[in-house]
Amino acid sequence: MKLSDIVEKLSLEVKTCKAGLENEVKGAYVSDLLSDVMGNSKDGDVWVTLQTHYNIIAVAGLKNLAGIIIVGNRPVQDEILQKAESENVTILVTSLTAFETAGKLYQLLK
Amino acid sequence: MTLKEISRLLNASVINDSTDIEMDIQSACSADMMSTVMYYHSANSLLITSLTQPSVIRTAEMAGIKAIVFVLNKKPDANLIELAGLKNIPLLSTPFCMYTASGTLFEAGMPSCFGK
Amino acid sequence: MALDIDHPIEGSFQIIGGNFDTAGAASSQLKSKLVELNVNEDVIRHAAIATFEAEMNVIIYAAAGRLSYLITPTYIEIKIDDMGPGIKDIEQAMQEGYSTAPEWVRAMGWGAGMGLPNMKKNSDEFKVDSVVGEGTLIEMTLNFPE
């Protein structure tokens, strides 16, 4: 499934890197801890988190994640969005909670 | 949904003795950042997390979380189990990751705790 | 409903910086006190959350601090003062998502940049005074419902 399909089905707002919407999503990973995502996420996962720290961009890049979904309407600072844009990381936002986002993705991706 | 049902769906083990497995859980919250648990809290909910330090129990106590599921087979140490016992907070441990645990419970009809 | 007490009740607890294992002990004791006095459940939860966030800030950033409270028939006042680094820009620190916490703190589930916003959200009156290099004083008041 493409990231764009998930954007449509979950009504996500696209914040950065529209080109990434063509990415193939192979799975999902839900965590707010960078070390957990570094250790356990897989190539092509879409990452669901409420973490908005600067380093999420580097983690998404290093792990080759399909995109980041920031949940709970968390505000994302402009400098983080700029960094994501320049490093080709797609950031999507939603008002859904992490639990709901995970639940809906689980039904779409299985 | 009862804790018994949750534990069956998640292949989870119950960590503390004297847990009331018929306890009714009305919503779930998946998070590792404790402040957000307190921000989005709703009473009688289940916390799904990968963190196992005592401040997780304190967060549950303050936010009115009824029970906690630790993902990725994480097991807390004896101090945390004792603290949870004092506060009557049941602890479960599931081999699933947060994504699968959340997805499984969502699919079985568990509502989310309130969003913003 | 006003609280059925003859005199205001005061008390305080010490908070030791850096100790994550006992983090929340002071807030928990205050919460027990409020439960004992039969305070409205919502007020208890709001007070517990606001106090715990303030206590965590002392544990994360300061060497030591003190939590003191005053319970009257109509409101509760909570003060947390610490010997910490102080807050340079309070307005910025009040923004949701802004945090100066180091990675090891975030790895323990704290430092999401919601501490001060959570304190404000859960109290009726909220005030921060801070001097860089000296410390921070947080004052919160929660009114009991009519």
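Observations
So that you can tell them apart, the chains are marked A, B and C in the order they are listed, and the count of residues begins at 1 in each.
Here, a residue touches a chain if its C-beta (ideal position, glycine included) is under 8 Å from a C-beta of that chain, and two chains touch if they have at least 3 such contacts.
Every value quoted in this text rests on a predicted model; they were computed, and no experiment measured them.
Listed by label, the chains touching chain B and chain C alike are A.
Counting C-beta pairs in contact, the pair that comes out ahead of the other among A-B and A-C is A-B. Annotation: 24 Å between the Cα-based centres of chain A and chain B. Per-chain CA centroids place chain A at a distance of 33 Å from chain C. In chain A, the residues that reach two or more other chains under the touch definition are 32-33, 50-51. Under the contact definition stated at the top, the residues of chain B that touch 2 or more other chains are 32-33, 36, 51. Touching two or more other chains at once are residues 106, 109, 112-113 of chain C. On the side of chain B, the complex with chain A involves touching residues 28-33, 36, 40, 48, 50-51, 72, 97-100, 102-107, 110, 112-116. Taken together, the chain A residues at the contact with chain B in this complex read 27-33, 36, 40, 48, 50-51, 72-73, 95-100, 102-107, 110.
Interface of chain C with chain A (complex): residues 95-99, 103, 106-107, 109, 112-113. Touching chain C in their complex are the following residues of chain A: 32-35, 50-53, 55, 74-77. Chain B contributes residues 32-36, 38-39, 41, 43, 49, 51, 53-59, 61-64, 79 to its touches with chain C in the complex.
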